[in-house]
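Shared between the two complexes below is chain A, which has chain B as its partner in the first and chain C in the second.
Now for the complex of A and B:
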C-alpha cells in the first residue's frame, strides 16, 4: 500500500502465494534482508526491525524485541508496595511520572485510600510537566529523523528547563519518585510558580520557532506529508491510542474520557486531525505542547496554596493489601498508559502488568505500517508513533 | 511548496546573535531538595535499620561503626551505603525513625577505586557532611507509619475511684492490630527488655492475627504474660524507635492482648506441653514470686521436679501482695500460676522457711533456689517515725490483699515518689472514697515531679482520682500531739544527688511546709530479709558491696547447690525477676547435668 510518489518496477516485487503469504525467495537476489537495530541511531532505544527490501522499498517487516528486557514487573512482584515505586518508574524512562502515578494509584485504590486534594493538584502538575518534557524531545526529534538536528538541540535545552523545575520540586531531574503511595513528598518550593512561568514563556517562543523550522519547512513537508498514512480503521484494530489515534480522527484522551485527579476542573480540548501521516502525527504533538503549557498555567493558578500532602497509610514496611485487582489508566504523552495490579492479601503485589502505548503501536502497528515505505523513512515512521522500547519490554 | 516554506526555516540563523545557553563549568549546585549523597547525624541515629528495611536495592547494610557503643536504645550499628546499588530514591530518609538520615545536594564524586563508593555516612567524613541543603524528611504530616498510639479505653476517674476493679479495659482486635501496625521491627526493644522477649515477633503475630504464634513467642522468654501484660515496667517502650518522633508502641498492652485472647484450657495445646518427660532431679524454690515461678516453669520444661515453698496462702509474691488489684486482678495471676502448676510444679503454701527448714531442704533437694524478694519496708527514721500510726506501704498493701481491715483515717500523707508509693496512695484513696465519700491523701517525695521514679501515667491517674501529689519536699519530722499524729513537717528539696552522684539530698531549711495527717505511710524503698539463711551458710556465701548475694551469670551463688534470683539480685521489678529466673533455670539444668 505504498503511498510514496515513486515510480517502481512492480514486476520485481513478491506476490502472494496460495497461503496468502508473500513469496519471498531470498536466493533470487531480488531482495535484501536488512536489520535496523537493535542498536541504531534511528531506533529510539533497543529494538530491532527485520526488513526485507525490494530496491529501497520495504516489502516485509518484522519487529523483534527482547534486547531490553529487565523484568521490572517481576521485580516489583518481589518487593514491598512502597519499594515498588522506585522500580516502577524505570519502565518508561522518557516519561517516568506516568509510572509513578499509575503504580501509586493502584496501591491506593486497592487499599481504599483517598489522597488529599493538594496531592492531586501536585500530581497533575507533575504529570503535565512530564508530558511537556517528553514532547519537547519527541517533537523536534521528528525533524532529527530527517537530519534536521537543530530543533533537537533547542528541544533538549527547553526540556532541561523543565527538568530544572522537576529538580527543584522533587529533588530529581529524570527520575522523580515523588508520588509515593498515599500522596506526594512535598509542596511547591517558594518562587516555583514564577520560575516555571519564565520557562513557559521560553517554551511559547520555542513553539513558534519549531513551527518555522519544521512544520513550515518545505523539505520537512516533502518528507512527512502523506508518508505512512494510517488508515483510521487500523486504530481500533491495532489498539492505537493518544496522538496517533487523535491524528486519525478519534477524539480519545483519558484525561477527558475518564477524568482523573483534577483534570475535570481544567479547561482544555485535545487537538484532533483527520489525516494520520507523519506530518500530522508530529504536528498534533506540537499542539499537545501548547495544551500542556496551558494546563500547567491553569494548574498553577487554580491549585490551593497549602494542604495535606499525604493520606494516612498503613506502615509501609508491612503494608498488606487485601485480595483484589484494579486497572488504573492515565494519559501519557504517547496515549493511554495503564497498570493492572492484582493483590492477594500479602505485602507484595501478586501480579502487575503494564499497558503501554508502544507495545501495540511499535510492535504490531509499526511492522505493518512499514510495508511499502521507503527505507529512508523507517526512523521517521518509528518516531511518528513515539516508540519507547523500554516500555514495550519492561 | 511555497517560497515562504523554503525561506522561513532560515529564521533559525537569528540564534547566532543570541547568548549561548550551554552550562558553564564548574557545575552549579543541586537544588535545595536535590537527592545527592547521604549524610547521617550519628549521634541522633539509633541504628534501628528502618533505612535498610525499606531500601529496595539492598544498598544499605547496617554495620558496627567505630566509636559507637551499643547501649540501651541504640543498636551500635550504622547504615553503610553502597553507591553501586543506590538509586537515590530517598525512601531511607523518609522512613528514618529519628530523622538523622538525610541526603546532601552534592552530586559529583569522582574516584578511581569503586570500593570507595561504599561508606558509612557520618562516620566516614565526606566534603558534603556540613552542607545544609539536600533532601530531608518531608514535613508536615508525612509519615510512613502511624505516629499516634491507639488510645487504651479506661474507666473514668469517678467510676474507678471507689473500686478495686481493673480499670484498664484492654485492646480490641482492631485496636491491637492498628497499634501493631506501627511497629518498624527494629528489635531495639529486644535488647533492652531484661527478658529479651521476641517483641517484634509477637507484634507481627498480632498483625497476622495469629494469636497462637504470639503465645508461643511470649512463652519462649516469659511464662507470666497476663501479669507482665498489665504491670511490666515496659523498659522496651522507653527505647522504642517509633517513640523518637511519635508515641512509642504500647508493647505492654499488646502483650496483654495476646494473653487475654487465650483461655487457660488451650495453653497446653498451643504451647505443646501436654506431655513432658520428668527426671529424678528435685529443686526447692523459696518464695512464689515471679523469679521462682519463671525458674520453675523452665525447669519443668527441662524435666525437673520443682517444689515452691510460699510463706503466704497464695502465689505471686510482690505481684499479688504488693500490686493493687485495680492494676493486676488476682484471677489473672491465678491464670498464669495455674498453668505453671499444671506442668508439674508443686506450690506448698503457708510454709515459712526458717534456718532449720532451709537445712532440711538442702538435704532433700538437689538444688535450692531463693527468690524471696524485698519485703522489708525502709523507714525515713525522722523524729516521730516510730509512732504506731506510721506504716510501711508494703505492709499495708499486703494487708489489703489479704482482706484485712487497715486503718483509713480522713487525712493520710504518703512519703515516696515511686510506683509503690503511687500504689498505696491510690489504694488508700479508694478506701477513703468508700468510707468517707472523699479523698484526703497527700503524697510527697524528695524528687521533683520531672524526675519522680513513678510512671507518669500513675501520677496523672492518682491526681484524677483525687489524691494530691506534691513532690520536691524532704521530710523533717512528724508532729505528734497528745499521742496522735498531727502531720508531717517538710522542707524544700533542692537536689537529691551530690556532685559525685551519691544519694545526698540538699535541703533548703527556710522553705518549709506542713502536711496535715492522721496517719503517715512510708514508701521509700524495700530491703531483703534473709534471716532464714543459717548462720553457718551466711559465712560461706559471698556477698556484694551493697549486701546483695554474689551470683554468677547463671545466678549460682558461691555455694554450687544454691541459686538466687528476683528482686534480691536485680531490679526491683517483675520482668527482671522473670528474666533472671529463666537464666537460673538454665544454670540449674547445667549444674544438674554435670552432677
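Now for the complex of A and C:
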C-alpha cells in the first residue's frame, strides 16, 4: 500500500438521512458556514456561494446572486427600439456582441427586415472576434484559479490584440454597438485583414505555448483531471449548453444546429469530448480558440469586398413594431445565448428576457456540482463552467 | 411538427398556434393543462432541453402571460407555450420537478412579477431584491422613475467650506481673526 493512499476518517462527516439528504446540524460545531462573495470584483467573487464545510470538503452549497442587478430588462421597456441596443449589450460584459446580435435580430424578425449579405459576413466576423477575445481570457484563467498566473498575462496581451482590431473596426474596445437593427455601421477599414492575420499568427503561437504551460503541466493535471465530474444525464436535467454540454458528449452548437448569418457557408466541426471534468471543460475551450481563429480566416477569405451594409429601416424615432413575439439564439463562447422579445404595436418593446448560459449553469448546476468538492477547487469549478454573474441578474 | 401539434391539440386543448419560423412555433395552453402538456412533450415527444421561462404583464387585459420555451435537440425545434393567468390571483403550478433550473426562473418571477409557484424550492426567498417594500418591480404599473424620485430625491447637498477660510480657522482658531481685526 502506498504511503499516499491514506484512508480518511469519515466518522465526522454528515451521513444521509431517510430522505436521502445529508443530515447537517450546524449547532453540533462540526461544520463551518463560509460565504464566498459577493463583494469581490473578480468573476468568481461577484456572486455569492453559501458553503457549509466539514473539514475542507463542501457538504452543502447554495448559490445566491450578488450586487449586480441593474434592471436592464425593465429599463429597455421604457426605451425606443434603437435606444434599447446600448442598454442591452451591457447585460454581459465579457462578450457584449452576442447581445447586439440577438437584440438586433429580434427587432429585424419582428419588423420583417432582411439584412444585406455583406452585413451578415461582418456580423459573423464580429461574433467570432468576440468569442475569441472571451476565450483568450477564460482559457488561461482556468490556470489562474490554480495559481498559474503566467498564462493569464499572456492571455491578457493576446486579448488586447483583438481589442485593437475591434477599436479599429468599431471605435470601441469592449462595447461596440456595431450591429444595429437593420445591418452594421460600416465596412472593414483598409489593411484590416492584413493586421488581423498578423494578430492571428501570434495567437497560433499562444495556443501552442498555453498547451505546454497548462495542459502538459503535472500540477494542473493533478488539480483538474477527474475533479467536479459532470454526469452526462445532468446536461438536459440542468439545461447545460455550449462547451459544458460538448465536454459531456452532447454535440450541441447553435452555429451548426441552427445556422444563422453565414455559418452554413463555413467549414468547421466543434470539438466533442466524453468526460466532463475541469480539465476537459477547459481543454474544449482551447480547441474552440483554434476553431474561432480558423473561422475568422475563413470569413476574411470568403467575404465579399463591398456591398450594402444596411437594410432600409423605418425612422428610428418612430419605429413601431406590430404585436408579436420571437426568440433568437446565438452561440456565445459559453453556449446558447438567446433573447425573447415581445412587442405590442408600440415604439418600445413590451418585454425582453435574456437567456444566458450562466443562468442555469452557475445557479442550479453549480450548486449541486460543488457538493463533495474541496474548498480550494471552488474557483476552478466556477471558471470551468465559465460563470458570468452579470447575465444572471441583468 | 404540425402532425404532432394537431395530435396534441385534441388532448391538451391547445390553441392560437403561430408558426413563427421553420424552427419555432408558439401556442397557447390552459393553466390546468400546462404541466401535463410540458411533461408529455418532455417524456414522449423528446423536448428534453428546457430553454426559458418568462413572464409578460398584459395589464390592460388583467393577465400575466407565462411563456415556457422547450427545445427538441434531435429535430432542432423550439416550442413557445403561452399560458395566460389571472393577474389578481397570480398563481401557477410549479414545474420544478421536471427540470432543475426551473426553480430559479420561478423564484425570479415570484419576486419580479408576484406570480406565485407554491411548492417551488426557495420561491419565497428574495432572489435579487433585499428589503423590498413596493409592488413587484417588473409589473407594468411600477414606475421606475417615480420610485427613484420618491426614494432618492431631493438629496441634501453636502456642506461645503471655502478652503482658504476653513484652513485659516483650523490652523489659527480665533487668533488669526483677532490679529486681522487689529490690523484693520
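Please note the rule applied: the second predicted complex is superposed on the first by the 373 of 394 C-alpha atoms of A that agree within 3 Å, B and C clash if a C-alpha of one lies under 4 Å from a C-alpha of the other, contacts with A are read in each partner's own complex, and residues count from 1 in each chain.
As a working rule, a contact is a pair of C-beta atoms (placed from the backbone, for glycine too) under 8 Å apart; a residue touches a chain by one contact, two chains touch by 3 or more.
It should be emphasised that the depicted structure is a prediction, and the values quoted were computed from it without experimental measurement.
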item	value
Superposition on chain A - do chain B and chain C clash or fit	fit
Partner chain in contact with A:69 - chain B first, chain C second, else both or neither	second
First (chain B), second (chain C), both or neither touched by A:258	second
Partner contacting more residues of chain A (chain B vs chain C)	B
Which of chain B and chain C A:373 touches, first, second, both or neither	neither
First (chain B), second (chain C), both or neither touched by A:317	first
Touching partner for A:135 - first (chain B), second (chain C), both, neither	neither
Lowest C-alpha to C-alpha distance for chain C against chain B (Å)	13
Shared chain A surface residues [contacts with chain B and with chain C]	none
Complex contact set, residues of chain A against chain C	65, 69, 71, 73-75, 77-78, 109, 236-239, 250, 252, 257-258, 325-327, 336, 338, 340, 342, 350-351, 353, 355, 359-360, 363-365, 368, 393
Footprint of chain A on chain C - complex, ascending	20-21, 23-24, 26, 48-52, 54-57, 65, 67, 69, 73, 76, 78, 80, 99-101, 103-104, 127-129, 137-138, 140, 144-145
In the complex with chain B, residue positions of chain A that touch it	79-80, 82-87, 150, 157, 164, 167-172, 175, 177, 180, 183, 185-186, 189, 209, 212-214, 216-219, 221-222, 308-310, 312-318
Contact set on chain B toward chain A in their complex	1-2, 4-6, 8-9, 11-12, 21, 30-35, 50, 53-57, 87-91, 94-95, 103, 135, 138, 141-146, 181-185, 204, 207
